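Chain nomenclature is as follows: A, B and C, assigned in order of appearance, with residue numbering initiated at 1 for each chain independently.
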Amino acid sequence: MSLNLNTIISILFDGLAYAMFLFIVSVGLSVTMGLMGFVNLAHGAFAMAGGYLVLTLTRSWGVPFLPSLVIVFLVVGAVSVIFERTLYARLYRATELDQVLLTIGLAFMAIAGFTYFYGPSPQSIRLPSYLTGQIEGGFRSFPTYRVFIIAVGVVLIAALWYVFERTNIGAKIRAAVDNRRMAQSIGIDVDRLFTLTFGIGSGLAALGGGLAIQLVGLSPSFALIYLVFFLLVVAVGGLGSFKGTLVAALILGIFDTAGKYLYADAGGFFIYAIAMAILLIRPAGLYGRE
Amino acid sequence: MAVSDASLAPAHARAVTWLTTRHHWRWAEALPWLIAIAAYFVFPDRMTFGSQVLIMVLFALSLDLILGYAGIVTLGQAAFFGLGAYTVGLLSARLGYGEPISGLFAAAAVAAVAGFLSGLVLLRYRGLALLVLTLSTTILLQEVGNLFKDFTGGYDGIPGITIWPLFGVFDYDLYGHTNYIYCGVVLFVLFYVVRRIVYSPFGEALAGIRENVNRMHAIGSPVRWRLVIVYTIAAAISGVSGALFTQTNAYATLGVFDFDRSAGVMIILILGGTGRLYGAFAGGVIYMLLEDYLSKASPEFWQFGIGFVLVLVVLFARRGLFGLVEDFGGRLRKPKP
Amino acid sequence: MTAALEIRGLHKSFGALAVTRDVNLTLERGARHALIGPNGAGKTTLVNLITGVLQPSAGHVLLEGEDITRLPQARRTRRGIARTFQINQLFRGLTVLENVYLAVAERTGACNQLWRPAGAERAVIEEALAHLDSLRLADDALRLVRELPYGRLRLVEIAIALALRPKVLLLDEPAAGVPSSESHLILDVIAGLDPDIAILIIEHDMDVVFRVAKRITVLVQGAVLTDGTPAEIVADERVRAVYLGEEAHHG
């Protein structure tokens, strides 16, 4: 495909939509990893669960699309807190290997479970009519759904930015990410803070999963295939950094889209190559510490 | 301040004895090999499966060197397995070369070079960065393989692999007897090598790196070089296990690079116990038996089952089967007056 | 004659926070030099800068006249600098013998041996045992480090440092936390050390300092307040005010 203005705009637009999806799912993972140092490889499974839950809500229970996104945010967020209190909390002092193994085990169980109930093939949902079709943007049109995703992303970014930079809770989170022991010694209940951020982060992942159905497709293998991308975003952005996750999601999302547009066969390369290049230069990520 | 043998205090004598006899073969070590030999006679119709068990044990052994002994957590060991598998496969399918033993050496060499180069670069990193980098390298290899699918056969696999008879004499029977013995011998040889490394001063240094890498720097140890060397050796052994895989299956696809394989071999070590040489044996047998049994019901059943077992082991039997045995043995020994 | 260790204008900042300020220090061969100062003065940071755990923002570290400022920690150790850590850094899952064996084996290059068993290195084993003997640790040789009481662990720290046969030895509070019944052992060991080794000891216990040190440097907030003989330091009003005054408060 040749590189004309139209192609560039398509790449930027689609890349932006993809980046929003990556950001929404990854931000929770980045903050919880930065806060507790806990490697959660089941995060992709939370996103997948969100997707399947939206599927069931819209298809079998007749819940409209937008409310179902909110519902999965709340439900998966709440369920994740149960997991956190019963399972994850026991491994906070454990080695990284233990955390990797526990969460891989959970991911396997989730994938197997969803395959059993929904089958291994990719699923799709019917979007409400106002989200289908194209929007006229002057000189060209843009798919409405992707505009919607970008809009959701922008709203969430603004909301999260506000929470992080302007509220008490946000300040506490930033302090605890920066130096957990010091934060504890000035009276911040880091454990409770972690449970809260974990719940919200997992809820956001589920929401992202719901959005992803009509963007990249949904199947049980989603949990592991996209986990790699979420890990790339978190590693490249830097653990615990809101800004880092956003920048990384934009870079990786746009480069991946560009690669797939311009080099159909080899397109999958780009995201890994870029991520590795950045990590080799800055192992702690773009906005990571030490 | 030399102390002569004759005047060694009892404490000295005990210490010297312990360190100088530590590496001697113990009777119990014959057990896994006897079991492997017995399996040949007791289950003659399951020898194809038996070969795959031996191959996974070898693969797990190579990972134990870096994970159990040096303490490095990576998610990319399948890269070397895959490189070994494809070296043998492509030698046969593209160059018509199917001699098995030299194929093993070729696979080991290719994997070792890859291990050395990637180790030089990647072993500077730890934690999430290392996990992500090793995982990405493996996926990239898979993507490269797919890119050149005319040459590699892509996800459909390498077409037309023929492995020549061993030593030009032993042909491969339908029941896989030759293959089983072949894999068993290779496993024994490489196990012997790994065992010597583990009990050597170098192996002691690996344990030091695992226990306290800061201290190792402070005693002047060239930590990164030690890690690169053990990583290269482990890569070579992984490559051999991949080569055996292709040789025994006469088939290989890009699935050899799958995350499932890297995760699976790690699970084997956790099941059996890391850093214990024989953990790979115990874990490998358990894992393969579970997979064989559970996936007969359905692949989801297997995936759920192994995930569940993994969670249980991490929570309750962290040091694996050998850890449980040690704990049990400790409890038996306790009630002494 | 070149000094064993020389520190020139050593400076270290973390952002706006200067933790080591323009420190100059010289250790002659055979020096018995103490570094004292209130908590947070930056004594351990200085040791970290000397050994290469930290890189300085400015200044130089010279070992026997050679500039080692750019060398990483392991290389400096191989050139002859050994240290003990204030907080034990031992191989907890290994036996005491293995802990010291590793130090000897790394020094002699035995650790490059991949094939012959560790038990075949008789010279290394003998030397490791000799070091254990000098610290009365021979009976604990086969015990795992994590099973030992704290006082014995401090001794293992020292044994490892000695096993490196250093030219310069940095002891970071070697007797801290050691019951008085055993701390005399540490003092005896230090007193009996090769007179050619240059020793820098960080200590809070003034008895230990006055027994061991021929010169004392006082560090306050990362900078050298003064240095001199023990008599001079005791007599120095400023030192009393800043540091010995703390002792008076604690009784």
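Of note:
Note that a contact is a pair of C-beta atoms (placed from the backbone, for glycine too) under 8 Å apart; a residue touches a chain by one contact, two chains touch by 3 or more.
Just so you know, these numbers come straight off a predicted model, no measurement behind them.
The busiest chain interface, judged by C-beta pairs in contact, is B-C. Of all chains shown, B has the CA centroid lying nearest to the centroid of every protein CA atom. The distance from the centre of chain A to the centre of chain C, with each centre set as the mean of the Cα atoms, comes to 48 Å. Computed from the mean C-alpha positions, the centre of chain A lies at a distance of 34 Å from the centre of chain B. Chain B and chain C have Cα centroids lying 41 Å from one another.
Residues of chain B that touch chain A in their complex: 67, 73, 75, 121, 124-125, 127-129, 131-133, 135-137, 139-140, 143, 147, 259, 263, 266-267, 270, 298-304, 306-311, 313-315, 318. Residues of chain C touching chain B in their complex: 51, 53, 72-75, 77-78, 82-83, 85, 89-94, 97-98, 101-103, 105-107, 110-121, 124-127, 129-130, 133-134, 138-139, 141-142, 160, 164. Of all residues in chain A, those touching chain B in their complex are 33, 39, 87, 90-91, 96-98, 100-102, 104-113, 115-116, 224, 228, 231-232, 234-235, 239, 265-266, 268-269, 272-273, 275-276, 279-280, 283-285.
Interface residues of chain B facing chain C in the complex, by the touch rule stated above, are 1-3, 9, 11-12, 14-16, 18-23, 196-197, 199-205, 207-208, 211-212, 214-223, 226, 229.
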